[in-house]
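Shared between the two complexes below is subunit A, which has subunit B as its partner in the first and subunit C in the second.
Up next is the complex of A and B:
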């Protein structure tokens, strides 16, 4: 008996070790390209394009190159502002729509709520390419091409189903009695939302908002189709650093790093909340 | 003046075939503490939630005072509810929790604070006003939940098993406190519990539910001494009443002795029909262990100090029948001893349809000596 338990414990430790090692390897494999990109962004074009070099003379010149605005071209500042506006406005709209929707689906389920929920997620089944032509024609007819507004509308639409699903599962975590108690205590919808539901679901709402921000910030396909010139976002700006003549790897790396920073920052700041929020949502 | 009236109130949950509350007729007087009791799943919470407005009525009506509240929103019913798990708002302090209903009513801040303080003093919670619920003990949380109900001075209190999360000792103590508080405030209260001791000790009247159907509403004493049917007889009282099915034979026989009834009892049995299945019930304190014509064997003896419960086996139509007797100490019998039993108190007779036929005096007479 004793021997067996010892063996079992030893075995488990070995398995744990193996899994841990694998996790590290996978993590490093994922991280390596990012690491290489950051490294490249501090190199000269020459260094970046010659055989892989770990030791070099670091320079911030590439960052200066990419942030320098040239006339006629999309500047970093413009792109950044556009992205910020599009991302923040669309996320606020998403939350403003998704919170009442999630309330209606989780706390006071409307008739046929399952169908409604399925409908939301079914909008994600279609390939984006299949929709781009009608969307483009619509946008053109409405005079929305090359505006921030078209992206705000699209990103709201893109993130809404996800936000409704996530928020619904967070709202369901709130004990029913709490909402009933608030109801008896005289709280209307507004009172229930502001005093009970929103404070309790705050981590979940933060996680949802963060995901919306990240998806909107990173979105490229719609941005490049509908908004390639004025009002363009950071992902488009990154690609403008690809030039047809001369080397651009280091420059592109620097631009990419800049594009990543806000997302990484947001993720890092919200890390704790987000993991809690995501884990909470995953239970249901 | 706030009375409460259930009128043919019925509730069937979606996706279930039988009603959770079936045609409930119940009148609760102004200032009364009425206890709803019943086994798990009998519909107690449903009945309470219907009164709170948390469950819609499928049929019938509910009145609070003179007003038909069947279609009135919970917050407009002027009620306060204490939940089993207290349902305290976790992100609010004790003071904010208790002040929450007042805040929703738009009571100005100063008055709010004053009223919360007053109730906190009443419930001995003053030291905890700034704490969050998670930093309180179970008993303190329970008091905060009570406080939140009291502070708004509603017309009716609803309590759904508010003591069931407390340990036994605290439960007994809090029970008394709740009774005192209710008497002092004089507010009509509907109190739900599955614990018949709690029901008997707290209720002015007790309503017994089974499978969504109201069995009996009466003062605790009446419920104990005059249960309307087998279910109430078996549910009320601890240890439970001894209930022995005696079949349709006449005269009534138990374990080789004859049950001799008073003339009134005899008449009731006759009136119930010649072949009706009769069940006889007698409380543990009505069963005397010692000399008696009914032969039984002691299984276990529970000596509680102030009283002794004797668990016995009786041979009845080839089966081992368990009985309980209650005596006062000292008791000399030991497990395995053969003893004689006799009935010294009231005997209840129940008909085949489970209703009570009569409560009467009776005694066992040895069939052999007859």
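Up next is the complex of A and C:
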């Protein structure tokens, strides 16, 4: 993302500096709850559950506490494995379905492609709550309650419209001449995809996959309704670290850091691309 | 007569038809998957909402027509949930939009550490909603040890039990915090697509920065603001996670989606009634979505012309 300088041209230097300082203050204040969560995760419960303390003896014990597995309880390892499997498999299926669909909407558009695109995006407007009762009943009747499969199917459905929408805008940026040249050489859909489209749109595909991963990793509603016992994912594991008796803030913070770290790191690394993808997905 | 026309039409359109099917083929798996997964439950929901089906106590499913909808108006629990839903959508959307626009304006100029500040600002959007709710409840809002109460006490006030005393506002604040980055990103995209030459020309003509902002930037940002409002509304009208972990429902925090949950698989087991609530959310969403699609359609047309 490039910054603009021309607005600042002719502005006095101190005005410019003041805006920069303000941005820093806003950023730090805004980030404070996250900073505090990380700090609390290295405290003892005693240090965390008192009036806010900046200085303390840091310890990794809370991380040991929350990753320790106890029989009969959802362990960190189980939840993490379930989340990883559900997120990765559903994202792969999303891409496998969305890439050809985006091709049919962007490169060799079907008749009335705009209506189709709108249909996809309009399904995002249907609140999940409207679907949960039938989904719960269908899942129960099909024996899918408390399985990873039900979440894989649902997360594929949740992310597919967004993926189609974003991939279409990335595919549109590929120069048409390249695709036409490949066609003249006799490449079919598969050939065009592997030789031109996938390599050229790789950054866009990565950004799309990342957003799918973020939404699936953070999803709680379907997970807690359909998989409260077995096949539970990380968000549910986080909530198991709240206890009704005794202090738990430091433990909860450690669990929260572990739960958020994969997605936050990925988001930080890919932020520029993701911002562009979101903006294009939304605007283009 | 009809047969002749049909054969004629088939003959004329045969070749384009196979070509158009060849085009459609890559689209079909995604389309079918989406139709089955979204429309089937939706139609089932409509059907449930026309019955008096309850699971506990078990009752035979009986068709009752629109009776469930007729009862909505007099159901004060539903009215409360609908009112909470409106508050928990409008306040966070507008709050996040205003803050997001302000942050985007700050970030849209070069300064030392710009990238780092942007990273700090987008982080809440990446956090798990469940974690956001729990962390705010237990470390920021906590009645004894919360950071906010620490500040209030330093300023000479007395501590407040934010979550139990002001559940709507506590949840709204958390939602604003999490959704501001989303609005900021949309606004940044808008700011950065401003044609530089027009701004330059205005400056050459001697326009003040404030006049440029008011007359050029704001009008350019308008479609982006509309888009932010519409997308934000559609997501926030469905909020469940933060309510579940912060209050677990209750006066002032049970919105319609949470109410549907409470009245059905959350213990109420009245599937017929609960479905009628969710259809109301759908209808509200469809109204908003229609407006949203019109805005998006305008933007797409612009793209096609370009």
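The definition used in the following text is that the second predicted complex is superposed on the first by the 243 of 284 C-alpha atoms of A that agree within 3 Å, B and C clash if a C-alpha of one lies under 4 Å from a C-alpha of the other, contacts with A are read in each partner's own complex, and residues count from 1 in each chain.
The rule is short, and it goes like this: contacts are C-beta pairs under 8 Å (C-beta built on N, C-alpha and C of every residue); 3 or more make two chains touch, one makes a residue touch a chain.
All values derive from a computational prediction rather than experimental measurement.
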item: Which of subunit B and subunit C A:181 touches, first, second, both or neither; value: first
item: Partner chain in contact with A:142 - subunit B first, subunit C second, else both or neither; value: neither
item: Which superposed partner A:73 touches (first subunit B, second subunit C, both, neither); value: neither
item: Of subunit C and subunit B, partner touching more subunit A residues; value: C
item: First (subunit B), second (subunit C), both or neither touched by A:249; value: second
item: Partner chain(s) touched by A:195 [first = subunit B, second = subunit C, both, neither]; value: first
item: Which superposed partner A:121 touches (first subunit B, second subunit C, both, neither); value: second
item: Subunit A-facing residues of subunit B, complex; value: 52-54, 73-75, 77, 79-81, 83, 85, 87, 89-92, 100-101, 104-105, 148, 152
item: Sites on subunit C touched by subunit A in the complex; value: 20, 23-27, 29-31, 33-34, 37-38, 40-42, 44-45, 48, 103, 106-114, 116-131, 134-136, 138-140, 142, 145, 147, 150, 177, 180, 185-186, 188-189, 191-193, 196, 199-200, 203, 209, 212, 224, 227, 231, 234, 237-238, 240-241, 244-245, 256-257, 260-261, 264-265, 271, 274-275, 278-279, 281-282, 285-286, 288-289, 292-293, 296-297, 299-300, 303
item: Interfacial residue positions of subunit A with respect to subunit C in the complex; value: 1-11, 16-17, 19-20, 22-24, 26-28, 30-34, 36-37, 40, 48-52, 97-98, 100-101, 103-105, 108-111, 114, 116, 118-138, 153-154, 156-157, 160-161, 164, 189, 214, 217-218, 220-221, 224-225, 234-235, 238-239, 242, 248-249, 252-253, 256, 259-260, 263-264, 267-268, 271, 275, 278-279, 282-284
item: Subunit B-facing residues of subunit A, complex; value: 175, 177-178, 180-188, 191, 195-196, 199-200
